[in-house]
């Protein structure tokens, strides 16, 4: 089943590929790797959520934000891959940054919002290496930023 | 001399490869690169140390934690490389995140716990590029997280 | 026009390649990628600026610091590429870490100091993927750290 069919079954749709918020590009190919810039949880022109986890943003919202970052990254990958997400052969790595309160240490659970979506969409090929980190502040007060490397 | 012999001479042993604390995999190969997920300083089922550097965790403890992260990453690499660490041709990059108090700026010294072990084990091939960063919070209150890229 | 001519026209000069502040190397080649270690805004032996953005360091200073990090990274790349920056075929990725006050969310504007320089020097080939992150503390109290991946 195609990746987009699975998205459809999950009730999810790919957004328009977000434009960079500054002087860089959405993605770069080098060899058979596609490096996708750090994605914020944009839904259209505004962020799905703003603030720190877990006070302003609870775990469920944070996981949804991480998922939205992945959808945005995949929209970019799709544009780069001639419109065909099934050309992704392997999800290689996710870097997940969580805008965290000083006492919050459950970044892995937030990052699972991103990781579980990848595995659901790509199956075995969606299983990736990951680093999940807690930071004080992210651009635009986003609760999560996710960068992707995929093989295509 | 084999990498494991050097480890033995140093009185160090490789742990069992740690299992991911969430929905990702320990490592991914892409081309001749092996990307190892961000490692926490697990020693068995619990962390070697918890808390921020340098208050809860002093420099010596933090360096030991960084070293433990590397041992865990190498245990994962060994499993991926058919049990033979000597198949690592080059340590390419370490990403080192230090859970830091707001006035602590000696992340490079902490990260040296990881870097010096790599150089001792792999000699010239252990000399790597590195980024060392201070963050507010890490998963499970770990003082250090280290991610690895090696060529094999 | 050569990259160094453009630098000259901009009134910029490449510094001596900075030496690592600890036990790692300035850069590593793997395949056709050159991975440059996280660079601090050294100008000679001292940092161009110290402190958090935007209080101790304002936006203009922070952007200049990000630019200095790039110059240092390019000096390292030049040394690795037999003295010829024109061997860089593509700037692949910048990782930009901004030492930020808790309420500062304009990391992308700081990172543009780095990104815009790359685009000015390398044109289309200077357009890169990027992740910009806010962190509490950086080594030596630097306001910015930038790591580079280029294809050569």
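Things worth noting here:
Which chain is which? They are A, B and C, in the order written, and residues in each are numbered from 1.
Keep this in mind: a contact is a pair of C-beta atoms (placed from the backbone, for glycine too) under 8 Å apart; a residue touches a chain by one contact, two chains touch by 3 or more.
This is a predicted model, so every value here is computed, not measured.
Residues touching across the chain A and chain C pair largely diverge in numbering: under half of the numbers involved belong to both copies. A rotation of 120 degrees, rounded to the nearest 5, superposes the Cα atoms of chain B on chain C.
Centre-to-centre spacing of chain A and chain C amounts to 25 Å, using the average Cα coordinate of each chain. In chain C, the residues that touch at least two other chains are 31, 135-136.
Chain contact summary for the complex, chain C toward chain A: residues 31-33, 90, 92-94, 100-109, 111-112, 115-116, 119, 127-136, 149, 151. For chain B in complex with chain A, the touching residues are 20-28, 30-31, 35-38, 95, 97, 135-141, 145, 147.
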